[in-house]
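Think of it as A, B, C and D in the order they're written, each chain with its own count starting at 1.
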Amino acid sequence: MAGNSFGDLFKISTFGESHGKAIGVIIDGCPPNIDIDEAFIQAELDKRKPGQSKITTQRKESDTAQILSGVFEGKSTGTPIAIIIPNEDQRSKDYSHIKDKFRPSHADYTYHMKYGIRDYRGGGRSSARETAARVAAGAIAKLYLKKHGIEIFAHVSAVGKIEAPNVDASDLSALLAIREDNIARCADPATAKEMIEFIDAVRKDGDTVGGKIAAIIRNVPAGIGAPVFDKLHAELAKAMMSINAVHGFEYGSGFAGSEMRGSEHNDLFFSEDQDLHKMHTATNFSGGIQGGISNGMDITFRTAFKPVATIMKEQQTINEAGQETTISGKGRHDPCVVSRAVIIVEAMAALVITDQLLKQASYNSDKF
Amino acid sequence: MAGNSFGDLFKISTFGESHGKAIGVIIDGCPPNIDIDEAFIQAELDKRKPGQSKITTQRKESDTAQILSGVFEGKSTGTPIAIIIPNEDQRSKDYSHIKDKFRPSHADYTYHMKYGIRDYRGGGRSSARETAARVAAGAIAKLYLKKHGIEIFAHVSAVGKIEAPNVDASDLSALLAIREDNIARCADPATAKEMIEFIDAVRKDGDTVGGKIAAIIRNVPAGIGAPVFDKLHAELAKAMMSINAVHGFEYGSGFAGSEMRGSEHNDLFFSEDQDLHKMHTATNFSGGIQGGISNGMDITFRTAFKPVATIMKEQQTINEAGQETTISGKGRHDPCVVSRAVIIVEAMAALVITDQLLKQASYNSDKF
Amino acid sequence: MAGNSFGDLFKISTFGESHGKAIGVIIDGCPPNIDIDEAFIQAELDKRKPGQSKITTQRKESDTAQILSGVFEGKSTGTPIAIIIPNEDQRSKDYSHIKDKFRPSHADYTYHMKYGIRDYRGGGRSSARETAARVAAGAIAKLYLKKHGIEIFAHVSAVGKIEAPNVDASDLSALLAIREDNIARCADPATAKEMIEFIDAVRKDGDTVGGKIAAIIRNVPAGIGAPVFDKLHAELAKAMMSINAVHGFEYGSGFAGSEMRGSEHNDLFFSEDQDLHKMHTATNFSGGIQGGISNGMDITFRTAFKPVATIMKEQQTINEAGQETTISGKGRHDPCVVSRAVIIVEAMAALVITDQLLKQASYNSDKF
Amino acid sequence: MAGNSFGDLFKISTFGESHGKAIGVIIDGCPPNIDIDEAFIQAELDKRKPGQSKITTQRKESDTAQILSGVFEGKSTGTPIAIIIPNEDQRSKDYSHIKDKFRPSHADYTYHMKYGIRDYRGGGRSSARETAARVAAGAIAKLYLKKHGIEIFAHVSAVGKIEAPNVDASDLSALLAIREDNIARCADPATAKEMIEFIDAVRKDGDTVGGKIAAIIRNVPAGIGAPVFDKLHAELAKAMMSINAVHGFEYGSGFAGSEMRGSEHNDLFFSEDQDLHKMHTATNFSGGIQGGISNGMDITFRTAFKPVATIMKEQQTINEAGQETTISGKGRHDPCVVSRAVIIVEAMAALVITDQLLKQASYNSDKF
């Protein structure tokens, strides 16, 4: 209710502030007997962690996950899996200058108005550090999805006005290798180079810039999702919009689809061997979802991230007494978050799909 | 869990199929002693109902709401308010041609794969007729919000490639009058005229077209929403994406914001009389929401609707046996849904804000 | 949240007041393709309806269920099943004398303090009439359970101090026939006769009396339930305690078990054919549940009902102005509710087990 | 959904196994600005911890709570409060003899059937060690309730067949002092002495015994709770039945009330100063709850605990292969749990009331 949980049957609850003792997550409802590959969880966290390249914040955190419960002899037991990630490189003093000032376009003012109290150090709970807990939970969801042959892939499709061309998505593993070969995490190497140079220039200018992430979910069976309020794309939208700095979401044809005619936009059905499970559509403007339910085609969506609010320039603001004042960014911050956020997008997508698969299972089984 | 409910404290659950006996909604958690103005509820339904103009479907439904419970002597009692809307103008025979065929870009195939059974008449549960129940519930939410001075306004900002210019939003009542003065429900009269002509031409062509809706929520106090997964804009995104045909959502600066720099995008704070409650920002790229919580400024968002899938042309498809075949649209359908959907967008926004206000109240009260 | 819903995956939401237009229920999450036998639903309602014998209230209601949605050609479609039961024999004038007085041990005072408004006619929402909606929903759950061979049986085990001896429960169908052969709904004919005479005498005295209901759930597979807060017996306890007038719940050895020693109370395990699924225990003090999870043995529990609060005698009370006054029972009321409540106990048990079975299914299926 | 969470607005989620790294709890929805008195939390844990007297298990655990998040400068911030309690005195070898055997009347068999895997060490998740996490969370709820003048008191009212007489409950602080003055935690000193001797004799006999706990909640304002499924006593019932070993629950007149007549059982209303808030009833068979909602009188209830299943005697059982075998209790176990469980009963009661108070607040506030 207080908004720190996500999912129904595969449910995660995160906790922790940027400069507290630890952040963490409880995963409740993970099916038993899943192999919990701790090295994989850590590898996922490493893709999100700060300090990994020159275009990310230089704050250093090892982001080491510790599993406290729910795993026995390497397998999930069906009981809650608690994971904590201790906080290490805290320089709380870096934040004393914002103790009673509200940073523009941050959550300082709104937290103050909501709670009447806030842990100002590093943004407290509003820090994107919270997303490390999501990545850990998403890694476990990915391990579950792998068993069912489901693949998730995201990459940086735009930084500022630099847009990547469409990439060949026929082999997602190959695309992943290309993406991981550059620090921008764009699957088009030429664009990646351009993005890195641009982000670096923005950083040197003490400024920040936004970007976009495009994603594909492959091999989701037809029939996953729900028809009314919990449409599969509505769940994905909520999941993505809950990531810090995201200002927009679209799936399939998205905003561009609103300019099309029905005769262009409709995805015509074709089948093989007169087998309903081998259906495909000629186009995929539906983005793999019709009426809120998966149709078996690739699920495609895109998210837009605003520029990071912390900049190294002086800005007008107010303080807790309601007085006007100025503030300048200090500390270590990202000039552009999208290359780290790619893994968060994947994690949230994995969580949505896993939860929906478990829901669908409750219909399909006649044996207990 | 099955996805037919929305909200936590102000919770609605809808039911009903397009060609069943009735559709309806239960509103659970409506605070007691709210004046339930039945004429207002009906007026809201009339704005959504079919057959209201030449650019909407000609299906005739009076959409008459009947309140079965939860209201006593004109006031809410705090118990569930059940509302039913009987179905009237059903021509189920119109649908016999789709009994075992899947209409392209409809929910026929996905429902079949999910449930193994479907009420094919009029699309059954996947019909946008379900949204009438949302409008009835949204009307009650609006009555609650009115008590708190909160206004919600939406209008058609684009049909196909025809985009309305920015409108002066200083007086939302005036804007509403302009919007209701044209059947396109666009608050810019000149653009409205253009839109109507275009939709009419598309309709004559047996085709359909998409569009966009822009919305403002005004006078939401600062501090409403939640910080992590249930960010206020994430709830709005889910609410809007759950409306039939919506393919995209953005708030504040939206997708365009991802092309900006932090130094342009940050909303600088100003205050009056050293009063935190009289804060305003110079710009509003944040769309009234920071860190998932309202900051007191206008909440602004936009949604993109794909073109209606039912067109009066022959199209390739498959049937329940997995065989390829063709299908042509029959029946009475909308050439463009956005002018009717405006009221659905407002209803869903009202539901989101009401639910969040009740949640916030649980923190603020020290008296029971 | 407002407490009008029960269950998670098989979720029911009831609505309606005693003297409003109708009461009803939405069942959300019913699996598709269940045969919805309307005659069975009505037969269940008939067992609960008022006016069925001389020992129940003489209020006449046909309690006719109308299904509005979610059923197509006799089968559930997976979408919400809405059922309404119109109110018929309302004599609202019977209640004008309680308009501003609080009946002792009724919900009048507490509703007034909670909501500041109440529909006083017939007790409004607090009337046990609401349980008709539960019985309709429970009937659908029973249809689902029947597919899985699960049987539920309850009967009146005590009225006042008249206690039935233990009955032979080896054949629940036979026991049901015995129970339905007497208006007390006690499975021991001799005790039933005594109960009926006693209730009739109490009724003639203008008084009321309490009683107990004992229940068995048979053929629940081992492994159903949850280990911590949602223990299977905790769910049953909540379900039973939510029935009007219930003041106590116990399962297995119950209160008497607290007087035993571990060496007497432990249920020793035996197996057949070295098959874990053919386990049985020598005794069943565990009541078929260990650690909150079913072990495959009969699930047994008992509930205690207080005497009905409405009596035909003058009693001391207060009015809405806080003044002391007196009140006398009018209208048509039950001298003892347990013989009608038997079917409510069965309905709630069916709802609990169905919900838990669907949850368990989400673990067991590897195919979607 | 998986049953490891309790509450809606004040929601706790526990995790952890008896012999894992730690157990713990997340409290989500705690209002901001509550003084979090860590010494009080620890004092509550100390009342539950093992090894505190000769009549409890000799297992030694300091049960030291560490707060990881949600508290800043001694106050709650409104964000999730995570508390962990590391496990210390683990002798996992003590449990190797049960690795593939099912202890009678334990959860070994049912966990195995549900999950197909179990952490057998110390009972894993089914261990009552999990309740330490509840006590920590309950302590925070008590701190919230204290602000509102609400008191909760429980004590051991019976051990085996030894029943305490009714105690004078006019001063709960005084009663608490008496209770804490004896290791049985019975508020009647003479009975306490008898209980201690009896438990000690049972322990020496290698056996165990059950008991009962009686509780009072005082100063809950009228109007708290919900009318239908989530009746206040239904929530209390679920809360209590979720505690390990509880087999029965009753409130107010309880099981005995089912033997009474309405004319005896009805609680007549009286008022002072014509003030509805100063109402009292002459008797309190309603146990402070009418129609599921508090009426301002003392809320009274009792719970029955079965004898601990682990006894130091050889017993018949089966193993994972379905073969019959025998097993003997080893390790360190409680001969009777009620004196430690008193604090768990209070904690669960505090959680129920706090959650309901927050729900009621959402109705009463017109300011945000």
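In the analysis below, a contact is a pair of C-beta atoms (placed from the backbone, for glycine too) under 8 Å apart; a residue touches a chain by one contact, two chains touch by 3 or more.
Only a predicted model underlies this, so the values are computations on that prediction, with no experimental measurement involved.
Would you mind naming the chains that touch chain A and likewise touch chain B?
The common neighbours are C, D.
Between A-C and C-D, which chain pair is linked by more C-beta pairs in contact?
Higher C-beta contact count between the two pairs: C-D.
Once you find the CA centre of chain B and the CA centre of chain C, what distance in Å lies between them?
Comparing mean C-alpha positions, chain C is 39 Å from chain B.
Need the CA-centroid distance for the pair chain A / chain C, whole Å please.
Taking the average C-alpha coordinate of chain A and of chain C, the gap between them is 45 Å.
Can you work out the whole-Å distance between the CA centroids of chain C and chain D?
26
Considering chain B alone, which of its residues make contact with at least two other chains?
1-2, 4-5, 8-9, 14, 32, 78-79, 114-115, 125, 221, 223-224, 227, 359-360, 363
If we count contacts the way the header does, which residues on chain A are in touch with chain B in the complex?
1-6, 8-9, 14, 102, 104-107, 109-115, 125-126, 130, 158, 160-161, 202, 207-212, 221-231, 233-235, 237-242, 247-255, 257-271, 273-276, 278-279, 281-282, 285-287, 289-296, 304-311, 313, 315-318, 320-324, 359-360, 363
Spell out the residues on chain D that touch chain A in their complex, using ranges where they run on.
Touching chain A from chain D are residues 1-2, 4-5, 8-9, 11, 13-17, 20-24, 26, 28-29, 32-33, 66-70, 72, 75-82, 84, 114-119, 124-125.
Of all residues in chain B, which touch chain D in the complex?
Chain B residues touching chain D: 1, 8-9, 31-32, 78-79, 147-148, 221, 223-224, 227, 357-368.
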